[in-house]
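One chain, chain A, links the two complexes that follow: it is found with chain B in the first and with chain C in the second.
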Partner chain A sequence: MDAFWIILTGSFVSISCGLLGSYLILRKMAMVGDAISHAVLPGIVIAFLISGQRDSLTMLVGAGILGVITTFLIEFFHQKGNLQTDASIGVTFTWLFALGIILISVYAGQVDLDQDCVLHGEIAYVPIDLWITASGKIIGPRAVFITGSVMIIVISFIAIGYKELFLTTFDPAFATVIGISTALWHYLLMGAVSLATVASFESVGAILVVALLIAPPATAYLLTEKFRPMLIITVLLGILISISGYYLAVSIDGSIAGAMSTVAGLLFALAFLFSPKEGIIITWLKNQARKKELS
Partner chain B sequence: MILYKSALKLFLAILLPGVLLFQMSCSNNQEQNLVKDRLNIVTTTGMIEDIVKNIVQDSADVTALMGPGVDPHLYKATQGDLQRLKSASLIFYNGLHLEGKLGDIFKNLSRIKPVVAVSDNISPEQLIDNTSMGGQYDPHIWFDVSLWQQAATYVSQTLMQHDSLNAAFYQQNTAAYLEQLDVLHEEVKTKMAEIPEDQRIMVTAHDAFEYFGRAYDIKVRGLQGISTMSEFGLKDVADLVNFITEKKIKAVFVESSVPEKYLRSVVEGCRKKGHDVSIGGILYSDAMGNPGTVAGNYQGMVRENVNTIVNALK
Partner chain C sequence: MIQQVEDPAVEVHDLTVTYHKKPVLWDIDLTLPKGAIIGIIGPNGAGKSTLIKAIMNLIPHGSGYVKIFNRDIDEVRDKVSYVPQKESVDWDFPASVMDVVLMGRYAKLGLFKRPRKADKEVALDCLKKVGMDAYKSRQIAQLSGGQQQRVFLARALAQEADIYFMDEPFAGVDAATETAIIELLREMSEKGKTVVVIHHDIQSAMEYFNWIVLLNMRLVASGPTAQTLIPSLLEETYGGKLTLLAEVGNLMQKTEFTGRDKR
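== the complex of A and B ==
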């Protein structure tokens, strides 16, 4: 049963992250997940300073608010300042992280307070982190419900706004012409990204989220040229990564998040070498054939 | 296009069965521990494991999740650790946020499973709170042997409750262990008194020794706060250099879990001011030494630390 809960949580996280990540890599914003993982620090410190508590819920609220602010600022600098997306991400998360460090040094140096300690969960704890009602009834692992609801929200968001998201990602000018607000849909997308990442940090930890946000969509990108198949392959890869990563971790008694991220990287390497579209080997064969033709 | 599609199918068709086969080969080697009459006790830190082992002796299985040299703040559970926690009949942890988020999970789990924080029966007045927030206690309680005795008593009470058949045996072992700790407490006190009063100042990399300082009458100053995220500023270094030079402190101490280079800058600073301060040695702070070495058990760890401190400051 433990294996089932862990793989289920992993799959939920990888599906919501992978779907959103597909849009992010096309918008050259893949590193936004890493940015959010750092930028939530001041949110955690302020939540602690206000409440004097370090429990998960308080930290989640603080981190959630800062996550939204981070993505909002990234999008804002990009749109209003005409700044490149990578520069916008870099500027936003470094100063927010620095702000968090200064807040800790000034107000909370004597308290053990950082994301790793109070916010980031660990996917290995999923089966023991139970949701227990006041009467002592065990409903099930907390993370399964959190990541499951996030996945439903993300899927409905993409299903409802598929056309708008598609157009604003690929051809913002055309979208504007036919009356779709590019700015609005970009902010909505970024809002969904911050919700999904912060909730997933709390359930499974940062490394896994950052990896799942980028590796499966990047792999799918190498395997297909169309957007809809890319989303479908991303989802399948996410599930595959959760299953095989878990059993890899079991066989070596290692970190589950680490094993899942490793599998994600391996799958990317396989696609990079053997992709029928732009894989290294296919390209090489094609070049050889061309050389033969010319000689 | 057709070629490309079939190639894609081939790619997935090779991959999926391969992974499934791999899983099946792995799921066979899950062992199940079916011995029921022995208690299976899991602790977080080695220091708690030491208490439990001394009380139950060989009558139960005891495992610590965090081995020698593991910083509890940075500990990450493996798949095996999860199995250990799931199969445990009793779990002991330190509490006071030493285990971070895992502590939260334990607190929740304690409603349906015997999971006990050893710091639970120590009254708040005996705990150190250096913040202005209230309720944010320093978790490093094991450095005051008398507090650690309270933790041991609590562990023993819990064990007797859950295993009443062996209660008498536990009682007897606990008494012996507490007596050893009494001796240790007195020993540390006399040893520390050997240091001249004006030299009784201990400079460390981060604040883990507040309880030690309070119990054994030595001033403690750390370069960093408790959180390793609160990076020290240049002013912290300068202040500490002035402090050391002014009080003519002979030695500063490195901890096994904090990089040595932090304190090196302080030592260099003092040298420039004409005061020669040495690095007095490495102290065990959040984890014990390797099993088999002197510092591989709780009492040995405390003795090693005290020897290091006394030899450097005497």
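== the complex of A and C ==
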């Protein structure tokens, strides 16, 4: 049963992250997830300072708010300062992270408070942290419900705004001219990214989230030239990564998150080599065949 | 020579636009007639793209206002369409030709609603008009420059708007595409649509447009082609640059302006 819960949580996280990541890589904002994972630190500290508590919900709210602020600042520097998106991401998350460190050293030096509280979840503990009702009934692992709800929110968001997200990602100027607000959809998307990443950090750990945000969509991008199939392949890859990553970890008795990230990387390497579209081995074979024809 | 018209499609009043506090457009004041094919002409850096972007409210105005069909742009967005420079988007984007043309229908659909059969028929019809119907399932990454331009044009047509702004639709396309596009623009104009085109080539401007806007950071001229494309105004627009002066000279030599494909 433990295996089932872990794989289910992994799949939920990889589906939410992968779907949102597809939009991020097409908007050339792939590093936003990485940025959020660092920039939420001051949010965690401030949430603690205000509430005086270290329970995960308070921390999650603090982290979530900072996640949205981060994406807002990235866009603000990009728009108003005419800074490239990557530079804007780099500046924003480093200073927010530094601000968090200063806040900790000044106000919370005596408390064991760091990113571990929220960021470094461990997917192997998913089956242990159960959700128990007041009457003592065990419903199931908490992480399954959290990541499951997030996945439903993400899928409904994409279902509702499919064409708006598609158009504002491809051609924002045209979208604005015909009356579709680029800013609104940008912030909705970034809000969804913050929600998905912060909620998943706590359940499965930051490294796995950052990997699942980018690797499956990047792999799918190499495998297809159509957008809808790209989303579907991303989802399938996410599930495949969760299952095979788990059993790889079991067989080598290692970290589950590490194994899942490794599988994600391996699948990307396979696609890079053998993709029918522009895999380098396939291209090489085609060129050889052409040479033979000509000689 | 700045001629104003009654009941204009576009009215620009005292428009100034700045980039980083440096003005790129100074005090533009013009009106454009309905149903005309309008060419915006001027040297590089004259602010041609900036002007149409400011009219569509894509970039903020320093001062002044713009009215389209005597209304605020946000009230008539569904009547306004735009053909951006084709370099402005990533053509490696995972989308098919049909996907892109259907974007022209999005304004008419609400949230949740996916394009219906009727929308697809309109889109296919527009692809036929630009001669690209055979490519409807093609991935946009596989298109040539001219084909990309035709797809963008089909997308704008699919919107069934009343005024179209086109940013250099003739840049980097072959002669066949150029002829196809201009014929389409004439057809649109006959149906009462207003078309505003940024253009580079002065010679072809003579036969393509019936209204010309000459721009070089400030408005040099706005009026019917015959009264605006004259050497003195062109010289004022281009500031007497050598190559262009030669071009103007060529124009003067020709007593009548015949189409270059008739040569």
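One rule holds in what follows: the second predicted complex is superposed on the first by the 282 of 295 C-alpha atoms of A that agree within 3 Å, B and C clash if a C-alpha of one lies under 4 Å from a C-alpha of the other, contacts with A are read in each partner's own complex, and residues count from 1 in each chain.
Heads up, the rule we're going with is that contacts are C-beta pairs under 8 Å (C-beta built on N, C-alpha and C of every residue); 3 or more make two chains touch, one makes a residue touch a chain.
Keep in mind the model is a prediction, meaning the values are calculated, not measured.
Among chain B and chain C, the chain that touches a larger number of residues in chain A is B.
In the superposition on chain A, A:I239 makes contact with neither chain B nor chain C. In the superposition on chain A, no contact is made by A:V198 with either chain B or chain C. Shared-chain residue A:I158: touches no atom of chain B or chain C.
By the touch criterion defined above, A:T224 reaches both chain B and chain C.
In the superposed model, A:G136 lies in contact with chain B only, and not with chain C.
In the superposition on chain A, contact of A:I178 is made with chain C only, not with chain B.
Contacts of A:L167 after superposition on the shared chain: chain C is touched, whereas chain B is not.
The interface of chain A with chain B overlaps its interface with chain C at residues 224.
Residue ranges on chain C touching chain A, taken from their complex, read 20, 53, 56-58, 74, 77-78, 80-82, 84, 88-90, 93-96, 99-100, 103-104, 106-107, 109, 111-112, 114-115, 139, 141, 155, 159, 165. Contact residues on chain B toward chain A in their complex (touch as defined above): 3-4, 7-8, 11-12, 15-16, 19, 22-23, 26-27, 29-30, 73-74, 76-83, 85-86, 97, 100-102, 104-105, 108-109, 111-112, 130-131, 133-136, 138-139, 207, 224-231, 233.
Interface of chain A with chain B (complex): residues 2-3, 48-49, 52, 54-56, 101, 104-105, 108-114, 116-122, 124-125, 127-130, 132, 136, 138, 223-224, 236, 240, 243-244, 246-251, 253-257, 267, 270-271, 274-277.
If you check the complex, the residues on chain A that touch chain C are 26, 82, 160-164, 166-167, 169-171, 173-180, 221, 224-227, 230.
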